[in-house]
Amino acid sequence: MTGSDPSKDMIDYDPHHWWRHLLKLRGGILQEIVGRLGVFTIWTVAVTWFHLNVHKVDVPATGHTLAGTVLSLLLVFRTNSSYDRFWEGRKLWGGIVNETRNLLRAAALNIRSPDLLRRLAAWTAVYPYAVTRVLRRGGGLGPAAAVLPPAEIERVMASRNAGLAVALRMSAVVAEARQLGFISDIVQMEIDRNVHLLIDYQGGCERIVKTPLPFAYMLHLRRTLIVFILGLPFALVESFGWATVPVILLIAHTFLGIEEIGVEIEEPFGTEDNDLPLEGISESIANTLDELVPWRNQLIASPALSYAGAPTGKEPSSEA
Amino acid sequence: MTGSDPSKDMIDYDPHHWWRHLLKLRGGILQEIVGRLGVFTIWTVAVTWFHLNVHKVDVPATGHTLAGTVLSLLLVFRTNSSYDRFWEGRKLWGGIVNETRNLLRAAALNIRSPDLLRRLAAWTAVYPYAVTRVLRRGGGLGPAAAVLPPAEIERVMASRNAGLAVALRMSAVVAEARQLGFISDIVQMEIDRNVHLLIDYQGGCERIVKTPLPFAYMLHLRRTLIVFILGLPFALVESFGWATVPVILLIAHTFLGIEEIGVEIEEPFGTEDNDLPLEGISESIANTLDELVPWRNQLIASPALSYAGAPTGKEPSSEA
Amino acid sequence: MTGSDPSKDMIDYDPHHWWRHLLKLRGGILQEIVGRLGVFTIWTVAVTWFHLNVHKVDVPATGHTLAGTVLSLLLVFRTNSSYDRFWEGRKLWGGIVNETRNLLRAAALNIRSPDLLRRLAAWTAVYPYAVTRVLRRGGGLGPAAAVLPPAEIERVMASRNAGLAVALRMSAVVAEARQLGFISDIVQMEIDRNVHLLIDYQGGCERIVKTPLPFAYMLHLRRTLIVFILGLPFALVESFGWATVPVILLIAHTFLGIEEIGVEIEEPFGTEDNDLPLEGISESIANTLDELVPWRNQLIASPALSYAGAPTGKEPSSEA
Amino acid sequence: MTGSDPSKDMIDYDPHHWWRHLLKLRGGILQEIVGRLGVFTIWTVAVTWFHLNVHKVDVPATGHTLAGTVLSLLLVFRTNSSYDRFWEGRKLWGGIVNETRNLLRAAALNIRSPDLLRRLAAWTAVYPYAVTRVLRRGGGLGPAAAVLPPAEIERVMASRNAGLAVALRMSAVVAEARQLGFISDIVQMEIDRNVHLLIDYQGGCERIVKTPLPFAYMLHLRRTLIVFILGLPFALVESFGWATVPVILLIAHTFLGIEEIGVEIEEPFGTEDNDLPLEGISESIANTLDELVPWRNQLIASPALSYAGAPTGKEPSSEA
Amino acid sequence: MTGSDPSKDMIDYDPHHWWRHLLKLRGGILQEIVGRLGVFTIWTVAVTWFHLNVHKVDVPATGHTLAGTVLSLLLVFRTNSSYDRFWEGRKLWGGIVNETRNLLRAAALNIRSPDLLRRLAAWTAVYPYAVTRVLRRGGGLGPAAAVLPPAEIERVMASRNAGLAVALRMSAVVAEARQLGFISDIVQMEIDRNVHLLIDYQGGCERIVKTPLPFAYMLHLRRTLIVFILGLPFALVESFGWATVPVILLIAHTFLGIEEIGVEIEEPFGTEDNDLPLEGISESIANTLDELVPWRNQLIASPALSYAGAPTGKEPSSEA
């Protein structure tokens, strides 16, 4: 359903190329903060002009020195917290990659029913798209949805939480495998533990989406930043003269840029340039899973790894 | 019982809107620190007036420069620790969301008794309200309590720890399912592990509520902050003149604001503006669980996912 | 045996009350550092007097500015590490709270022998006191010890590690329950996993008690701090005159106080004001567990939650 | 196939030798940043010459002081984040070491088939090479591949994800052991849990490789760094004269070096000097595993540890 | 074999004694850095003499102020990372303490064979010594080795990884207990999970030993430190005169000391003063385990806790 549009992917770059990218606009934060920079520049020009032509309004820089340290710390800590959220989000999606692999690996080796396996593989391939749909409040269920019963897909699309609905269907197939005697309850529980983890990871992503930095934190940081920059011309104008304007522009660029990065990366599941390429990851999961199901048939046919039991039918297991 | 009052929810905001909110009072910390700012302003006015009109009392700023770095660090680290507690609290509630989902998912697929399932679903929907009642020392058990036996609800309300009492009732339903032969001990233990995790998460929340920052830490930070700001007029008055007053007001606003944020977010389970929306989360858990129980019936009826065993009665399982 | 003496508890306070506590001595660190402050004040008076009356001994403040940043960082990082240890210790005790609850919850629902359950509940209630005895190198086993065989209690008191000895007795009761056919090995292992976790948490606490900050770290920090403060009068005396004395007193108070907080909280299992209220937590565990055992009888009697099996005797379980 | 080329290994050094290595080029970052240093030196020379001979262009250093703190913080935090990634990568490989050991230990003691055990040992020894192949997008499967069926090896080499393909074959051997009645499903699940963990660790490594620092973060840091250094001559030239050139060279070396270290270590799976010695680790895993399989025979022959059952054939286990 | 030599233990100290230890040499880092301090002092004397007697060579301190912040941050972050490694190492050994306790506790209650139990206890007591042997590349297997078959001990001593070899023997005893019908596969797997954890912890320690801080990080930090201190006399000499020498000595002591602490504690498994007392921990593990085995006999004999089954022989368990 949804193809992977490369222009929507996270920017991939080689950090060893130092000079490249420096003038790039896309993915940077310049276009985001240019309005704010304009406001502060106009203010600086006005204060400087007033100071030089009308009346001296300079103060010493001691106040800025004292407040600058605490503001810098707060700013960088905030951006660091945002990066931790970004990285946690990435880890959660990494967990989704891992557990879909583990689930289908365990199933492929223990559930000896091609039909059940195919259904399980399809739902598993749909799962990351369903999580994306939850996190982005919209979106389709990916190409694997085409091989599943349309009525079921419709129910999933209509449910409150598509991820949860798909996970339930995955668990249902595993439960069915036990009902039909393909696996024991021990094996069912072990395979189902992967679904358990998938739901944990999905819940972690929802938590990040739903919980921004506490409002008071964001607000105080911004207010302090504004007061700090608005006051800066008074502290610099006497010694810098008209050089106050470019100097404050650069300082404002530094501070506002750090704040903006914090905003950009604290919720990494959107569709902006610095967000995670959820669709690319989902596609890559589906591709890896695709390899698994034919692989099983190969494996069973391969003499070096052949099973003792008959590969074609349901074996009588001791537990069932 | 308790409805979700939107005015009590955490402030949800879009951090990409930069200028919006800046003048908002609600959710910010200005109203909290305005008294302190007043005290320090009066002091600054007094010192400045005394210095300019009676007798010079200025000292160099070297002392403030040296102490400013360590104070800034301590302040920002403290606020960061509070944020870690906030985020840990959010994670614990995220865990409660996840495990209620996992518990009912596993139960829906393995316990083939509509009656037991309904009871388990109701207790599970009550659970987050019960935890909220423990954390806020009061509050009802939510709408799902209406479908449970009033005598049981009364016992829960009368118990020392409502969360624990509800968790026990959830475990009891699962144990009953094994007694009646619906599930094996393996499956019982696996489902019960979700209750285990719920109790761990609840315990984590209680720990955060019951353990503030060590008293000595808070006290030393505040004393140092007060001494630092009270001393500031002496260091600035000679070079700033009457500008000392607004400059110190802004510096005090910066420092006191950071400290106040630390206080606001270190215990995120209350009912203040920056606290977590526990009622909203509880409601949303209940809604998701509601979807699960009818879903099971659907699933069993759906031919593509139908079970081999009879969906209406108790099946003879190999373990029982 | 040991009652909860409120004067030994951690100070509980409401961080929203800003001005309160500021003049409190108890729980603060002033009485700890007052001797050091005295030494440095005498030194400062001596240097200032010598400088003003005998011979100029001032140096510029550049050295202190350069060393001040690194010293501040080291100091605050150290205090932060201590806070991490404090919080880890609190988490470990939180884990003890959780697992005693989980253990008795699982036992109450699965072990249908009032006698075994009562013994298990008593040992579980004794456990946190036993851990406290290990961490504080002394202390009794709490009120629940009175209902246990005195010979056993004596053996526990005589053992090298009372916590471990009690944990073993808890495991022994669970093992006995399986021997007697009340539970299967699956259920035994699952309940015993809680004991496993309890021993892990206890071991974590012992680790914190036995491992202070590396000696070289503590020593270098203190030496640097002393040199820094001893050198400070030389850097300030020329510009501050006699104001050097109060200024250095306040700076020393700031720095020494941060170091002292690090010392106070790095080992939070003692009986000082800022230590964790282990006895209060132990009592609260015992109270919660007390509710569990009668609760079980209630539960079994309650028709809405009644078991199919006979509640009065040992049921024949399918596993035994 | 791939031998361990010592020149490709991570540099091992004794940090206690302080003066050694200082002049080393290999492994340091000097050769990486020498171009950038050249550019900034030429610029500094040009500005200094212009200032001294043509027209004064100096500004005060206040701007650099204010921006310097925030830039330093951002830089060191970034390098710290990179170190966290480095250490996480090392932990993940440590996990691969541990779980290959655990897997073969558990298998050696429970699977009483020399043939299966030998196959499992070979696939396990191949696994770390397969992961290396995934992370470095190329490379062979190591010496143990020689004893495995060439057709299987070819299939692994042709698959999208060699690590996953090998893990599947490991699981397949364990599944086969249960099919043949050597182990129960409980034991199969327990051994397979090691494969589960291996796939988790591999996925963690892939995550680190595929996710650089967010583009905007890297870009803003570099832009700010460039502006900061380009502006530095103006701030220093009046007071430093020609000494501006070496001073700025050293400052630029400090700042650019920290940034470069962040780049070098954020993705530690390559073949550069500061990357992890994946081949050395893989070899060492294979050597340790080699010891395990003959060891089993020893163990079985040893009278003090002999088994009751016959060591030569398949024993009738109670579960099969 | 190896006794515990107290002079090799980590220094245990009471951090509440503030003035004590200050003049201690042992355990501090003074003897390590005294050579470096000498070099920098000679250099400072030379520069000062040259400046005062031959030709002025002073520069302003602005460069040092700008570079000082970033250097301080890098230095303290590095030392903090080393402390994290120290603490992680301590946690891993704490894990070894916990899991040896858990293993023998579970075994003592479930394996009813005095002979097997005695063997298991001996191997478990040997294990921490074996890990120490791996981490320190040498050392004996401790006193418990005396009661084990010398041929086995020899094989362990000859193996590549003594820890792994001992762990295998522990697992082998547990596997034998199942072979002989003392325990079911469920119980075997649960007990063996402790061995699994022991191998994980051991692997974690090996990882810390084998992976120093990335070479480039260490090198850049040292180079920057040297350049910073070598340049310092030029920045201070004009205003400090001969006082430059003691001031730089103290600053160098501060910075070099922090770096040296980072080196001392980043690999805490050696035999230096600030390393962990591995032998003391190993001895204490052995002592605790010693208490366990006789305890079991006591327990079985004690009427209040007696088992229903016959304590003397092998009981017929339902699983075997």
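Order as written gives the chain letters A, B, C, D and E; numbering starts at 1 within each chain.
The rule is simple: a residue touches a chain if its C-beta (ideal position, glycine included) is under 8 Å from a C-beta of that chain, and two chains touch if they have at least 3 such contacts.
Since this is a predicted model, take the numbers as computed values, not measurements.
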Where subunit C and subunit D overlap in contact partners, by chain label: E
Subunit B and subunit D, separation of their C-alpha mean positions in angstrom: 37
Intercentroid distance (Cα basis), subunit E paired with subunit C, Å: 23
Sequence positions of subunit D contacting 2 or more other chains: 65, 69, 71, 73, 186, 319
Topology of the chain contact graph, where touching chains are joined (line, ring, star, complete, other): ring
Cyclic chain order - from subunit C, heading first toward subunit E: C, E, D, A, B
Touch list for subunit A against partner subunit D, complex: 10-13, 15-16, 18, 21-22, 24, 27-29, 61, 64-65, 68-69, 71-73, 75-76, 79-80, 83, 86, 90-91, 94-95, 97-98, 101-102, 105-106, 108-110, 184, 186-187, 190, 232, 235-236, 239-240, 243, 247, 250-251, 253-255, 257-258, 260-261, 264-265, 273-274, 276, 287-288, 291-292, 295, 298-299, 302, 304-305, 307-309, 315, 317-319
Subunit E - residues contacting subunit D, complex: 36, 59-60, 62-63, 65-67, 69-71, 73-74, 77, 81, 119, 149, 151-152, 155, 159-161, 164-165, 167-169, 171-173, 175-176, 179-180, 185-186, 188-189, 192-193, 195-196, 199-200, 203-204, 206-207, 211-220, 222-224, 226-227, 231, 263, 266, 319-320
